[in-house]
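Listed after this line are the structures, all set down as C-alpha cells.
The following pair of complexes shares a single chain, subunit A, combined with subunit B in the former and subunit C in the latter.
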Partner chain A sequence: MIETLLMGVTWADVKTWLPGFWNGFLISLKLTFVSLVLGVPMGLLLALGVQAKTRASRLTCLALVEIGRGAPALVMLQFVYYGLPSAGISLPAFTAAAVALCWNTGAYTSEIIRAGLDAIPAGQKEAAEALNLSRVDELRFVLLPQGLRIAVPALMGFSILVFQGTSLCFAIALPEIISRAYDIGSMYFFYFPALAVAGLFFAAVCIPASFLVEWFEHRAGAYSRR
Partner chain B sequence: MHRQWNLSVIDSPRPVVKLEHVSKRYGAFDVLKDINLSVLPGDVLAIIGPSGSGKSTLLRCINWLEPANSGIISVGDVTIRCEEVPEKSRLTALRRQLGMVFQSFNLFPHMTVLRNISLAQERTLGRSRKEADAISLNLLDRVGLADKAYQYPVRCSGGQQQRIAIARALALDPKVMLFDEPTSALDPELGLEVLAVMRELAGSGMTMIVVTHEMGFAENVSEHTMIMAEGEILEYGPSREVIRNPKTERARRFLRAVNDR
Partner chain C sequence: MTGADAAHIAMGIPMTLGLTAGAFAIGSVLGFPVMLARSTGFLPLRVAVIAVIAFVRALPPILWVFLIYFGLGSGLLNLSPFVAALSAFGLIAAVNMAEIYRGGMLSISSGQWEAARALNLSRVSTWTDIMIPQMTRVALPPSATYVIGLMKDSAIASTIGVTELAYRGKQMSQITFEGLSAFAVVGVCYIALSLPVAWIARTAEKKLRAKVAR
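On to the complex of A and B.
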C-alpha cells in the first residue's frame, strides 16, 4: 500500500526536491511574517475603530472587518490578484498575497483583540476614569496591556492558521510550498510523496508552534493567579 | 490659651460638594429622586441604606462615572448641569478634585503596587517619575504597606489591596474622597485594617463621603449620616442622632434589620 503511494520515490529523489521546497518554505514564512506584522496592528486599529464614537469610522471599520472575515481567504486572494487588474491595479503575486492575507489577518485579529478588551473587568475602566486618565492613556496604560495579554494566546494560534493559509497562494501562482509540490507532481506525477513532504514542512512549524502557544497560554494567566 | 478666631464669619464655609435636585433614571426606574445634599470641607458623611437604594449610584454620579439625568452637581468651583453633556475639560476639573475607592479595589493587576500609585500622578499632574514614586512610597508607608511597593497586587490580601487603592486615590491630592462600600468585599478582620486607615484619614481632616454598611464607622467616625431608600434621602443629620433616633418608619425598619444581625 505505502509502496504504491510512494511510487518508488527514494530519499535521493526527495533530496533533489528539498532546495525547491526550502525556497517555497521561505516564501511562506516571509508572507506569514508580512501578514502578521501589518495585519495585527491593522486588527488593533480596527478593534478600536469599531468602538469609536464617530459613526463614519465605526461603519468603515465594521465593513472592513465583515468583508475580511466573511470572504474566504481563497476568494480574497483571487480577487486581489485576478480581480483588481480590471480596476487598473496589477500587483505581483507576493504583493497581492500580502494584501489579501493582511486584510484577512486584520479582520480576524480585530475580533480577537476586541474580545480581549471586552474581557477586562469594567472596574478597570472606571478606576482609570476616576483617576482622571485621558482616554488615550486609559487605553495605553490600562486597557491595551491587559486586553492584549488576554489576546496573545489566541493571536498566536491565529498566526499558525495564517502560516497554513499561505498554502492557498498556489492558486495565484506564488511559488510557496504547495506550488512546489504541485510542480513536482505535475512533472513526475509524484503527487503523494511531494505533498507529503510539503506537509512535513508545515508540520515542522505548526506542531512546535502549537506547543509554544499552549505554554504561553499557561504563562499568560500567571499574573492574575496567586 | 489660644484665642480661636471664628473664621467662618469672615469666610463662611462653602460646601465642597453640593447636589441640587439631582435625579437619575434607568429607563422607567428612578434610581435617584431629586437629591439635595451639601458636604462642607472636612466633613465625613456616611451614606447607609438597603441595597438598591441608590447609595452607590449617588456616589458615582458625583464624579460622573454615571451621568445623572437632571440637577446640578458642584464640586469646589466646578459646576455641572446634568441636562447638558459636560465638556471634557470640565469633567477633568471635576474629577481632579475627587478620589474614589471602589468595593472591588480595581487595582491594575499588570503593574506593581508602586506603578499603580504613581501612574496617574505622572500622567495627570505632570509629576516626574522620581517625584511621583517618592510620594507613592510615602503614602504606602502611611497605609502601612511600604514593603509591598514592588509586589504585584495579586500578592496582596484584599485589605492590603484596598489600602493601596486608598493610597492611589490620595496621591492625586483630592479635595474629597469617595468610598463605595470599601469593606464590603472583605472579611471582618481585613475590613478592620481598611477602616483604621479611613479613620486616620478622617482625623487628618479629609472630606469623605462613604457609602457603607459599617454602622460602627457611621456612628463613631462620620460626623453626618444619611439614610437612603428607594432613591430618596430618608434621614440626614449628625450621625448619632440619625442612627439612635431615626424619624421615619422606613429608616427604623432598616436600622432594626442591621442591629438584628
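On to the complex of A and C.
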C-alpha cells in the first residue's frame, strides 16, 4: 500500500523539491507575520471600536468583525483577489492575501481581546474613574496591561491558525507550500509524496507550537489556580 | 448580476449543509471513542492517540482534503470529490470533537465517579445516566461554535470541485465577470446559515441549563 502511494519516489527526488518547498514555506511565514503584525493591532482597534460611544463607529466595527468572522477565509481571499478587480482595484496575489488574512485576523483577535478586557474585574474600571484618569490613561495604564495579558495565550493559539490559514492562498495562485506540492503532483503525478512533504513542513511548525501554547496556557492559569 | 445568478449560487446551500452535517455526524460519533482512548489509563495507547490528535490538527484542512482526494485518489482509491471532502472533514471533526468531549468530561467533578461506583452502577449506566447528560451541557456551546467553523471550512471542498456555495460563487464570478457581487453573495449565504445554528445552540443550552438550575 505504501509503495503504491509513494509511486517510486526516491529521496533524491524529494531533495530536488526541497528548495521550492522552502521558498513556499518562507512565503507562508512572511504572510503569517504580516497578518499578525497588522491584524492584531487592528483587532485591538476593533475591540475598542465595538464598545465606542458613537453609534456610527460602533456599527462599522461590528460589521467589519461579523463579516470577518462569518465569511470563510477562502471566500474572503477570493473576494479580494478575484472580486475587487471588478471595482477597479487589482492587487497582486501576496497583497490580496495579506489584506484578506489581516481582515480575518483582525476580526477574530478583536473578539479575543474583547474577552480579555471583559475578564478584568469591574472594580478596576471604577477605581480608574475614581482616580479621575482620562479615558486614554485608563486604557493605557489600567485596562490594556491586564486585558492583553489575559488574551496572550489565546492570541498565540490563533497565530497557529493564521499560519495554517496561509495554505488557503492556493486558491489565488500564491506559490506557498500547498501550491508547490500541487504543482509537483500535477506535473509528475506524485501527489501523495509531494503533499506528504508539505504536511511535514506544517507538522514541524504546528506541533511544537501547539505544545508551547498549551504549556503557556497552563503557566498563565497557574496564577489563578493558587 | 441578476437574481437568477444569485439563486444559482444559493443552490449550493444544500451541498454545503450536507457536507457540514455529514462531517459533524461522523466527528460526533467517532469523537467519543477517540476521547475514551485519549483518556485511557493504558499509557502506550494514550500517547499514540495524543500524537495522532496533534498530527491531525497540525495540518491545515486543505491539505487533508488534497491528501485524501489526490493522494489516495491517484493510486489506491477512486473517491468522488464529495466523499473525499466528507472523509477529510469527518477525520478533522473527530479529533476536534474528542477534545470538546474531553473538556466536558474534565468538568465533571470526581465525586460523581465515586458516587456512581458507590451506588454500584454498571459502567454503561455510569456513562449513559450520569456522565453523558452532564457532559452534553458543557460540550454544547463549544460544539455549536465548532459546527459553524466546520461549515466555513467546508468552503475548502470547492477546490476539489464539490459544487457547494464557494464553488458556485467562483463559477458565477467567471461567467458574469462580477466577482465582487458573486463572492459577496457567497459570504452573505454563509453568515445567514450560521445565524440559525447559533440561535438553536443558545436556546438548547438555556433549556438544558434550566433543567439543572435550582
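Criterion: the second predicted complex is superposed on the first by the 220 of 226 C-alpha atoms of A that agree within 3 Å, B and C clash if a C-alpha of one lies under 4 Å from a C-alpha of the other, contacts with A are read in each partner's own complex, and residues count from 1 in each chain.
Rule of thumb we're sticking to: a residue touches a chain if its C-beta (ideal position, glycine included) is under 8 Å from a C-beta of that chain, and two chains touch if they have at least 3 such contacts.
Since the structure is predicted, the reported quantities are computational estimates derived from the model, not experimental observations.
Applying the stated clash criterion after superposition on subunit A shows that subunit B and subunit C can sit side by side.
When the two structures are aligned on the shared chain, A:84 is found in touch with subunit C, with no touch to subunit B. Counted by residues of subunit A touched, the larger count belongs to C, out of subunit B and subunit C.
When the shared chain is aligned, subunit B comes close enough to touch A:123, but subunit C does not.
In the superposition on chain A, contact of A:71 is made with subunit C only, not with subunit B. By the touch criterion stated above, A:23 is placed in contact with neither subunit B nor subunit C.
After overlaying the two complexes on the shared chain, residue contacts for A:60 are found with neither subunit B nor subunit C.
Looking at the shared chain after the overlay, A:95 reaches neither subunit B nor subunit C.
With chain A used for the fit, subunit A forms the apex of an angle whose arms reach the C-alpha centres of subunit B and subunit C; rounded to a multiple of 10, it measures 100°. In the overlay built on the shared chain, the residue A:146 is in contact with subunit B alone; subunit C does not reach it. Taken over all C-alpha pairs, subunit B and subunit C come no nearer than 23 Å in the superposed arrangement.
On the side of subunit A, the complex with subunit C involves touching residues 1, 4-5, 7, 66-67, 70-76, 78-79, 82-87, 164-165, 167-168, 170-171, 178, 181-182, 185, 189, 191-192, 195-196, 198-199, 202-203, 205-207, 210-211. Considering their complex, residues 121, 123-124, 126-127, 129-134, 137, 141-142, 145-146, 149, 223-226 of subunit A touch subunit B. By the touch criterion given at the top, residues 63, 65, 92, 95-96, 98-100, 102, 104, 106-110, 119-120, 123-124, 152, 154-155, 168-169, 172 of subunit B touch subunit A in their complex.
Those residues of subunit C whose C-beta lies close enough to touch subunit A in the complex are 54-55, 57-63, 66-67, 70-76, 152-153, 155-156, 158-159, 166, 169-170, 173, 177-184, 186-187, 190-191, 194.
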